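As structure tokens, here come the structures.
Two complexes, one shared chain (subunit A), two partners (subunit B, subunit C).
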Partner chain A sequence: MALVPLRYNLRSLFVRSSATALTVCAIGATVAVLAGMLSLQQGFATLFQERGRGDVAVFLRKGATSEGESGLTREQCDILSKEVPEVARDQKGAPLASAEMFLAMRLRKFDGGETNVAIRGVEPMSFAVQGDDLRIVDGKRFEPGSDELIVGEGLLDRIANCRVGDVLRVNTVTFRIVGTFAGKGGYRSEIWGDLDRLGKALERPVASRVVAVVRPDTDFAALTERYASDLRVQPKAQSEREYLKSQTGDLSDRFTLLGGFLAVIMGVGAIFTGTNSLLGTISARSHEIGILKAVGYRPFAIFVAFLFEAVLLGVLGGLAGCLLVLPFQGAETGTMNQTFSEVTFAFRTTPAVMLDAIAFAAGLGLLGGMVPAWRAARMTPTQALRRA
Partner chain B sequence: MAEAIQLRSVTKAYQRAGESLRVLDELELTMAGGTFYALMGPSGSGKTTLLNLVGGLDHADSGTVMVGSVDLTQLDGSELAAWRAGNVGFVFQGFNLLPVLTARENVELPLQLTPLSRRQRRAQAERALQLVGLGDRMDHKPSELSGGQEQRVAIARAIATDPQVILADEPTGDLDRSTAAAVLQLLQRLNRELGKTILMVTHDPQAADYADKVIHLDKGKLGRIDANPGRG
Partner chain C sequence: MPWKLLWRNVLGHPVRSLLTVGAVAVAVFLVCVLDAVTSGLTRTLNAASANRLLVQSAVSLFVDLPLSYQQKMASVPGIEAICKWQWFGGRYEQDKGGFFAQFGIDADTFLPSYPEMKITRGSYDDFTKQRTACCVGDELADKYGWQVGQTVPIMGTIFERTDGRPWEFTIAAIYHSDSPAVDNQTMWFQFDYLRESLEQGGAEGPLGVGVYMLRMAPGTDPVAVQQAVDAMFENGPQRVQTTTEAEFNRQFISMLGDVPTLLRLIGGAVLFAIFFAVLNTMLMAGRERTRDLGVMKALGFTDRATGILLVAESLLLCGLGAGVGIGLGLLAEAPFAVATAAFLPGFGFDERTLLLGAGIAVVVGVVAGVLPGRRAARLTAIAALREVG
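Entry: the complex of A and B
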């Protein structure tokens, strides 16, 4: 079946630029909300998942869902580090494993108020486990056994007294900040120090977890199962990737849900705006519809032509929405993660986010255009021509 | 040979203010193919309604409308659209061109409904525009043309698919006298040289003079058909 030439619709949109712009703006605003929430969700999900490694094991206490809930004695940590055969060793034969303690501490924010910041006590081997993912960008590493700390660069602009040279009181012990580190994911929002010194200062004799580099073919479920009946330690073993995924899933889902909810509410408004605008357009162009019909275009061709126009308006709105959020690309914000500590993450408008947003906008156009296009298709030629 | 048009017991009524207004009343009319007819009558006599029925733009309430061997009253909306595309061309008082398209694109509109290739469509549209004397205005939009030129584009569009029947509703109503004469001469040429059957609604006796025959409608019925003395 012959369709109405596309240039007719394209030029009509251009000629009626004011009406087109208004509709595009209405859809664009809606899409910007959705794209914004999806960008936050992407930033948050990527924060943890992008640095999750498949060859690093995270051992928690059995039944714990996060390191905040977990607790392992030093003896248990030693068993996991030294006896688990999957744990890799360095050139000197030392296991590439480290016990870590994790706690959240209230610290002052620059913009007022306090927030929880993750404090991590680590052993020297933690740096080997992290490898190139973690590097000092200012100052130096803390000395093992000392009251020194290093701070993730994600905290520098958000938390007060966190720069090299500042001091931080942890309970009654004063720690000195000696370095700033860059790292992937959530670590860049943490403060690191010596495991034993921080354990003492925080009066916490147990570690939260053991991290270890493991053989690439490690079966984590089998590993967990193998120790299920060991009376000394019954760890829950996961790859770091799986662990981080489980940590971000809830909040990530909440971003998606909230974005979806707001987009649906605003989307309904945008659909009505689009429908209203297109009904106005069709009313103004009924004479042209009459001409097309008189010339011999079938009702279905008219329907497709106006639906195409509506979808095109939607796609333009989608692009406008993406343009609205793109300037925020890379902007950092913070929130509480699953372990109730502040994490900093960037707004990430990925190509997938933009495609989703544009598809959503096209859907809005499609829904908004149905009734007007149907109305245009159903007009008889004489009705349409008479309305001039 | 151009197709004849036959209307048998055609009735058409419109609802207006809750009342049924019978515009065509058991109309009987036969028009020979290849003839230029003017359709005259007072306002409300059913001229435009008759034109719309013959052009398949509207449905009769009862009776039959035959154009050639096709009974238009038996076709649904989509079938009528397909029939219009290949069998009839319209020329309206208000020119009815799409303002966003150029003269050539307007003329190509009905050609898009044919199986012609893009190149063939373009060539045919250009031939039609040259025939109406607008070979040098092909890429102009309607807003860049005079009223007479716009109407000639409309005529080019009406003949682009080479239909046998051309229906014109007050084609000179919006034109000055000399421009109107040029348009009427053009219609006359299409009838004489290309053998088109032309049915033209007009209020203007001078315009009707260009036709071979003048049909007079009165209150939805055929009054009389006059042969134009000046035409053979």
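Entry: the complex of A and C
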């Protein structure tokens, strides 16, 4: 069966350029909203996942879902660091493990408001556990046992009193900032200091978690199970990768849900617009359709031709939508994560986001083109030619 | 003016008119919903009471204040009553996605300090007399089908019972609040029950107070009280920050991130889409009607009249669309408000939101009608009649 040459539809879109452009813009705006939400979701998700390591264990208190909820006494931390056989050791035989205390602390932002910033008290071994994932870019590391802090570079432009040489008051104790560090993921929005000194200043004798390098073949479920009935400590052991994935789930889902909700509602509007526009061109083109029929094209061929035109309109709209969101690429924004501390993340329009957006737009075109294409296919040659 | 022609033109293309009205309706609905979110947040802030202050740790949201602070603060002049607030963070039917806030409070000072709350079922007296009682919001009770006298099991996360079982709270009263300052999906229980359980070893967890609410006597200067309380604990053991209720709420709202900007951007995209959709329809209508316009002009209708006719048609379509969109919004208002109450307080339409929806429709209608309208006005009868669709 002969199909109508694609050239016919391409030329038609071109000749009726104002109607094409308006429809493309209407679909484009819809797609831009979806692509925008997906880009935010991507930016947030990659922020956490790129840092997750499979050979680093995170121990929380049983039942806790995040560091903010967890609490382990120092004795429990020692048991986990020194007794768990999976924990790796350095050349001197010391366990590559560190107890950490985490607290979302109120700090002033440059724009005047207050926000919660993650402050983390760590033991010297934390740096060995993190390895190359954490580097000092300015100044030096804090001295163990001193009232010194280092600040993640993601905070420098957002939070006041965070530059090297500044002083920061933590409850009633004054700390000095001696360095800035770069790190992957959420760490770049944190402040680090000595575990004991911060614990004293904040009157928090309890740690939040233990991180440790573990042997590559560690079975975390079996490890958790082994301690399930230990009276001294019942940890929840996870790989860092799993832990971070569980931390981003909620907010990631929320972006996807909001994007989906908006895309569906706006998509309905876009389908109306597409249908309208194609119906308009079809009634204006009934003469052409009559000629196509008169020269022998089957109704199905005409249906396919108009549906193709509709999908093409959709894809053009999808491209327009992607162009609309691209200027935001890399823009940084902040939000609260699960532990109620602010994290900075960037807007990321990845190729996958663009593909999703264009596929969505093509779907809109397909749905919008059904009725007009059906109508065009059903015209009889005489009817169509007479209408002109 | 040939108004009859207007109707004929709209009804003459029923499919096109319906689709345009539909597209406008969707856009107006969405703009109204987005605006209701932001205005809901503003309303919540405005509903905050001026005679309540909140005292929290100046260091962190997650640092508790000592119990001993209550007695010290009671000596500050102007404070009429103090009520403890402690976030419980327990889980109820979590596997089914159930989430609501629970707070331990001082029953004797709580209700008198929050006159916007009305007890609708059960009795507040019963609540104050029973250690294990709780008072829940009517939306929460309706959501789970709870009745007065029923026991609700809550699994502790911050405060775990040593026997490993869930906490059990008996519903003594159900409240309703018309003011967005207090939501209707919260469970209140007696702080003393929590304190006794912790002290007697029935449960494990930190013993402290998240927030102290201070009710001031009428005519008290809030700034003086704030300064007096903040100065009292300046040297520890925990520094405090005393804020008005509005300021306290603002800090939680700002945690959601920059919601207003995000919503404005989305709203802009919606407007952009709807404008092009209506403009497209009207340009098509204008083009198709070239011949009719020629006939009208030959009959003696003025340029103005033909132009205005197209603008009016555009306005009519947008007006109908706005009507449908606002209607849909009003239908969706109640279920939306219940669904979002946990994280977006105060969702609801007010006159301003509805006016915004209608205003957008009018502006889009006029602007989208003017372009084809001008063309119609400029067209001469001869040129119009010569052109073939």
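To be clear about the criterion, the second predicted complex is superposed on the first by the 388 of 388 C-alpha atoms of A that agree within 3 Å, B and C clash if a C-alpha of one lies under 4 Å from a C-alpha of the other, contacts with A are read in each partner's own complex, and residues count from 1 in each chain.
Just so it is clear, contacts are C-beta pairs under 8 Å (C-beta built on N, C-alpha and C of every residue); 3 or more make two chains touch, one makes a residue touch a chain.
Just so you know, these numbers come straight off a predicted model, no measurement behind them.
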TODO: Classify the contacts of A:Ala2 with the two partner chains as first (subunit B alone), second (subunit C alone), both, or neither.
DONE: first
TODO: Determine, for the superposed model, which of the two partners subunit B and subunit C contacts more residues of subunit A.
DONE: C
TODO: Considering only the touch criterion stated at the top, classify A:Pro124 as touching first (subunit B), second (subunit C), both, or neither.
DONE: neither
- [ ] In the overlay, answer first, second, both or neither for which of subunit B and subunit C A:Ala32 touches.
- [x] second
Open item on the list: If we overlay the two complexes on their shared chain A, which of subunit B and subunit C does A:Gly139 touch? Say first, second, both or neither.
Closed with: neither
Open item on the list: Going by the contact rule set out at the top, does A:Gly260 touch subunit B (first), subunit C (second), both, or neither?
Closed with: neither
TODO: Considering only the touch criterion stated at the top, classify A:Ala284 as touching first (subunit B), second (subunit C), both, or neither.
DONE: second
TODO: Could you tell me if A:Glu203 is touching subunit B, subunit C, both of them or neither one (first, second, both, neither)?
DONE: second
Open item on the list: Please report the subunit A residues shared by its interface with subunit B and its interface with subunit C.
Closed with: 388
Task: subunit B to subunit A touching residues, read off their complex - done: 52, 55, 57-58, 77-78, 81-86, 90, 92, 94, 96-101, 105, 108-110, 112-113, 157
Open item on the list: So in the complex, the part of subunit A that touches subunit B is made up of which residues?
Closed with: 2, 4-5, 7-8, 11-12, 14-15, 287-288, 290-300, 380-382, 385, 388
Task: Residues of subunit A touching subunit C in the complex - done: 18-19, 22-23, 25-30, 32-33, 36, 63-65, 68-69, 103-106, 113-116, 170-172, 202-204, 262, 265-266, 268-270, 272-273, 275-277, 279-280, 283-284, 324, 333-336, 340, 388
Task: Of all residues in subunit C, those that touch subunit A in their complex - done: 15-16, 19-20, 22-23, 26-27, 29-30, 58-63, 89, 157-158, 160, 235-239, 241, 251, 254-258, 265-266, 269-270, 272-274, 276-277, 279-281, 283-284, 287-288, 388-389
